[in-house]
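Labels run A, B, C, D, E, F, G, H, I and J following the written order; every chain starts at residue 1.
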Amino acid sequence: MKRELVTEMIIEKKLAKGTSWAAIAEKVGKSKEWTTAALLGQMALTQEEAGIVTDFLGLSEEANLALQQVPYKGSLPTAVPTDPLIYRFYELINVYGTTFKELIHEEFGDGIMSAIDFNMDMQREENPNGDRVKIVMSGKFLPYKRY
Amino acid sequence: MKRELVTEMIIEKKLAKGTSWAAIAEKVGKSKEWTTAALLGQMALTQEEAGIVTDFLGLSEEANLALQQVPYKGSLPTAVPTDPLIYRFYELINVYGTTFKELIHEEFGDGIMSAIDFNMDMQREENPNGDRVKIVMSGKFLPYKRY
Amino acid sequence: MKRELVTEMIIEKKLAKGTSWAAIAEKVGKSKEWTTAALLGQMALTQEEAGIVTDFLGLSEEANLALQQVPYKGSLPTAVPTDPLIYRFYELINVYGTTFKELIHEEFGDGIMSAIDFNMDMQREENPNGDRVKIVMSGKFLPYKRY
Amino acid sequence: MKRELVTEMIIEKKLAKGTSWAAIAEKVGKSKEWTTAALLGQMALTQEEAGIVTDFLGLSEEANLALQQVPYKGSLPTAVPTDPLIYRFYELINVYGTTFKELIHEEFGDGIMSAIDFNMDMQREENPNGDRVKIVMSGKFLPYKRY
Amino acid sequence: MKRELVTEMIIEKKLAKGTSWAAIAEKVGKSKEWTTAALLGQMALTQEEAGIVTDFLGLSEEANLALQQVPYKGSLPTAVPTDPLIYRFYELINVYGTTFKELIHEEFGDGIMSAIDFNMDMQREENPNGDRVKIVMSGKFLPYKRY
Amino acid sequence: MKRELVTEMIIEKKLAKGTSWAAIAEKVGKSKEWTTAALLGQMALTQEEAGIVTDFLGLSEEANLALQQVPYKGSLPTAVPTDPLIYRFYELINVYGTTFKELIHEEFGDGIMSAIDFNMDMQREENPNGDRVKIVMSGKFLPYKRY
Amino acid sequence: MKRELVTEMIIEKKLAKGTSWAAIAEKVGKSKEWTTAALLGQMALTQEEAGIVTDFLGLSEEANLALQQVPYKGSLPTAVPTDPLIYRFYELINVYGTTFKELIHEEFGDGIMSAIDFNMDMQREENPNGDRVKIVMSGKFLPYKRY
Amino acid sequence: MKRELVTEMIIEKKLAKGTSWAAIAEKVGKSKEWTTAALLGQMALTQEEAGIVTDFLGLSEEANLALQQVPYKGSLPTAVPTDPLIYRFYELINVYGTTFKELIHEEFGDGIMSAIDFNMDMQREENPNGDRVKIVMSGKFLPYKRY
Amino acid sequence: MKRELVTEMIIEKKLAKGTSWAAIAEKVGKSKEWTTAALLGQMALTQEEAGIVTDFLGLSEEANLALQQVPYKGSLPTAVPTDPLIYRFYELINVYGTTFKELIHEEFGDGIMSAIDFNMDMQREENPNGDRVKIVMSGKFLPYKRY
Amino acid sequence: MKRELVTEMIIEKKLAKGTSWAAIAEKVGKSKEWTTAALLGQMALTQEEAGIVTDFLGLSEEANLALQQVPYKGSLPTAVPTDPLIYRFYELINVYGTTFKELIHEEFGDGIMSAIDFNMDMQREENPNGDRVKIVMSGKFLPYKRY
């Protein structure tokens, strides 16, 4: 069973059951960010985690097995995303990309922020002028190896 | 004088002078994130700010005027960035894009995180396993207008 | 049930029933512009609105649920649209894009016209030389945050 | 003299002189929308109009001649625009393109809104929740010829 | 029923029946050029025309309804066509495109040849050195509106 | 001397001299269609023809030599043309491409219309509803060789 | 029945029957090069040839009819081929393309080698250092028409 | 000195001198195919060969050195070539690519025709129906290594 | 049976059986690198090898035959891979590509490293700072033929 | 001074001086692989290393400063490389990419091979059937963080 199919089934089951990503994440015992990414086909689950999801949403045994495999990652259908919410993040990279680069190099030297040893947290930030989305990203700095 | 040329001159002057983006930002009186983006050709400066930069780096009067114009934004030469540091951010959108979308909609309903009424902060996060890059983004949530 | 499938079913049901987008919009109690976009898979409906559409067109319960989810937006199959009617709008951006940019900045300063806090209205404009399509767009101006 | 070069010179002269597109348009005796598009290299000027612009901004005779030629149109450097202000219009086509199509066909039958027999007007719309950009577009409806 | 499916069915039925586009066009009472384009999914038919085609080729009632809808136009699977016959036309635009532009502007001023108020005719031109394909195109000249 | 440079010089000289493509063609003794394409860098001229053009427009000897070389053909800067006049021809291929294919095969069998053994003629067609652009294309039919 | 489906069926039947392209070509009475291209969906067969193939491989009557239609040509899924064997030919054009152009023009003047009035032959060339693939192409030279 | 510049200079010098690729190749002592490719920037010359070309065409010492370096290969400005002569070769790959693949595998098994251990020869083939371009390609067959 | 389908079935059977690529490779008697590539649809198997795999995983006879055919190679869905693990290899080419080129030419002269007469080996390299992936590639150097 | 210009100057100076990358690397005291990549504009040098290179090749002080800046990485002009030597590496990813993925995940679990904490070594491997290029890559395995 292809992972895309499992993702599609999870979305349908979640909708029919009327549950939320946050609720599923709590059952799995991981953050809502990691769990949602995993269930949308971007991360591999352990046997135990896959079992919890399979039971909770009523998936098949084949889906259970597929969830434990490392997926081919990448969740977007086009190189430049068309969805306005996702495009705004792409735009930030387009506008601030060279700024990220300059400031990280100024602080750390040559290297990158890891997208693997990485975690993030999304919260609502209350504000009288309209609430804000607050995203905190944290990735290990990896210096280029010199040899 | 085209803005790309002004950007190029700023980078050379900064290099020759041996100063940093953080130091220039302090003179301008804005955050290092906003100032770097502005000097890399992504934001318009006020007459006062442009004057400070022009004096500090020794730019021409034409450059001074150009800094006060709203630039054609977009700082990357290709749709999918080739630079590894910048690519990691693109990869995060590819892997986590649909997760951002699901969690923001779950919390706020239909709408987007503004990339205009937006600010960010980049800091070093000390860590015994290797320091981390911490980026905090905050953007106003904008609900889709219904009519 | 994937939203694309719901869109396809809505188009078929509307055709079989011989009704119009304007008529459906009146039932939903929203403008014909917003309603058509929503039913073509670009907006989320409330439970009540989805119910009205489901009853009127005879959709399934699964489709009803799907209509209440925020969709992955973007209604065109290619980056440059091939359909002549839609291409004309793309051409207007190509020819007038920098003009929009200059005039909005001249009037408002740096920022954008929101595509989220946005509404539009399409009307027939009678004219002896041939009727005209009149489109009025209104979007909130969002100034770039400085920090 | 290539038209791109003339456009660049006009932008520099306008900046140095501290004038605005609206002021130049008034001198030329055309709308600010048409005049800006023309001076950004998208329309041909008459001998008289080109003369007014040449005198007012102090352009060369070669530039004067070039302004009277029909240019190769298209003002954007990439198929999907990177500038946030211009991108929002592209996004509107992506989200509302099929809606435009359905509603125009519902009202007029098969055909298009002309992008040639076309005019537009951009105004500030005052609003206590924040001023809005109002754009009115009007294009002749052209029915597909049947033969 | 999606229009692509109707097109596919028309091609199969025509093949099985052993008829030609010219013969169908005669029944419909339109030119062979317009009729073929319409049946290949590029034009909308009137109720009467759709009825004639439905009867003649033995299509379903759903297909009949679909033929009366304005289709999403564009008949080629790639931006640069791979089929040699169709590519030759693309090549003509690549080689002669700027020539078309110069000569039409020289004769008519700024504007375009309409692709909507347009008709064409394809004929065999007998020639002792090998017969030739003769295509006559006629499109209304549309001058750019000045305002 | 690169051919692009020669093309640019020809356009400038023609503009300064106030002459037309049709007038140059008459001097060269070829059709205005072929001559314009040749001078826009798409065809090679004979020594005699190049000499006439060189004398008439006052080009250099290097340009004279360059005009006699077979150029690398293709006159458009992008795969999908952005100029509205040229795009209309691209749109015709998109909408009518499969129609061209079907009708030519129906009349001639498998093969193509040559874009090499090809000529065309562009004329104004007077019409009370607005003059029309008439283009007549004639290309030899080339059947696929079977072996 | 779509031609792609017929191609797929032919490949399966050939595999199941354990026959070769050369053997089928012999039955059809054409070269192995032309026959393989035709059966891979690039050429139209005569009624007689289609009948031979249909009988030999056991295809349906619908497939038989489809083989007699002129197909939409182009056998590769991407503009730059990913298969190493096919890529090598693309690489030859990339490396030798301008050489082909210079030498053919030097020998023949302006024009092209026809890809329609064209045939080719592929043979094994025995060689002690490892056998070689020998491909002989022959295409009629077509001079550009001057008019 | 960049190789592209050397190529450009060679083309100009050859044109001014009125010599041919075949004549230069004879001086160099290599085939006209290899020599032309080398001088168009696709192959490295030995010191001796570079010296002959430098003397014959009157190039600078810097150009002489550059000719002896291995160039970054690839002679075409776009992935799909726009020049009609070169496009025909691309079309042959599009139409015959899968045929090449099938027949070479049928004869040799899994592997490729080398584009490195490769040579070719272009000749005029006289023919009463019009002369033909004959191209003979010979490349070593390389079987995939199994391990 | 299309090879993609066989690949998909192999992945499912392997998952259901709980076996590994290394284990299958041992049964086939080839390296784990070659065997995995072959089973993912990139290499042809001999009759004997295909039989072993068919028996071990319980595939159909059609799949067995398909495994013995040379596949259309290329295992990635996009030109720039989106999966982070695979992208890192693409990034290495982007960053080190010109370095590979310079050093191989410095050592061997003009030519390439064969990707056909090629083998590779992937091993875990134990390391106190975190284990490393070690990949050894070996490809025959092929010098460009001069003729 | 832009880094591309520094790279170009280094290549010219190295050529004029007749030295090799290996010789420069020895002077710098780093591997030939890292040094070549750095001098081709992909890595930042320390002040000391930049000084050695500047002295050895006779670069300007501006170039010296530029070499110490972290460059915008990416050394190839197109997404799919056209140079045959570099393309072979791209082809390996296309053919073996999913194999790399499966085998690394089988051995290490979910994660990637770092392209930052990475080194490589290129050697000649003598072989009676023709010498081989041997490349050893070693990158730290980075497991996906779970949170």
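Please note the rule applied: a residue touches a chain if its C-beta (ideal position, glycine included) is under 8 Å from a C-beta of that chain, and two chains touch if they have at least 3 such contacts.
Keep in mind that this is a model prediction, so the values were computed, not measured.
By the document's definition of touch, common neighbours of chain E and chain I comprise G, H. Each chain gets a centre from the mean of its Cα atoms; the one farthest from the centre of chain B is G. Here the repeat of D-E among G-H, H-I or D-F is H-I, since over half of its contact pairs match by residue number. Looking at A-J alongside D-F, one finds more C-beta pairs in contact between the chains of A-J.
With centres set at the average Cα position, the gap from chain A to chain G is 47 Å.
If you average the Cα atoms of chain C and of chain D, the two centres end up 23 Å apart. A straight line joining the Cα centres of chain B and chain J is 29 Å long. Shared contact sites, meaning residues of chain I that touch two or more other chains, fall at 33, 72-74, 76, 79-80, 82-85, 91, 94-95, 98, 101, 105, 111-112, 114-116, 118, 142.
Pairwise, the chains that touch each other are A-B, A-C, A-D, A-I, A-J, B-C, B-D, B-I, B-J, C-D, C-E, C-F, D-E, D-F, E-F, E-G, E-H, F-G, F-H, G-H, G-I, G-J, H-I, H-J, I-J. On the side of chain B, the complex with chain J involves touching residues 8, 12, 15-16, 78, 80, 82-85. Taken together, the chain B residues at the contact with chain A in this complex read 20-22, 32-33, 36-37, 40, 42, 73-76, 79-81, 83-86, 88-108, 111-115, 118, 120, 122, 124-125, 127, 129-142. Note for the complex: chain D touches chain E at residues 30-31, 33-34, 43-44, 70, 72, 98, 101, 105, 109-112, 114, 116-119, 142-147. Across the interface of their complex, chain B is touched by residues 80, 82, 84, 87, 91, 94-95 of chain I.
Every residue of chain H that touches chain J in the complex is listed here, in rising order: 1-2, 62, 65-66, 69, 72-74, 76, 79, 115-116.
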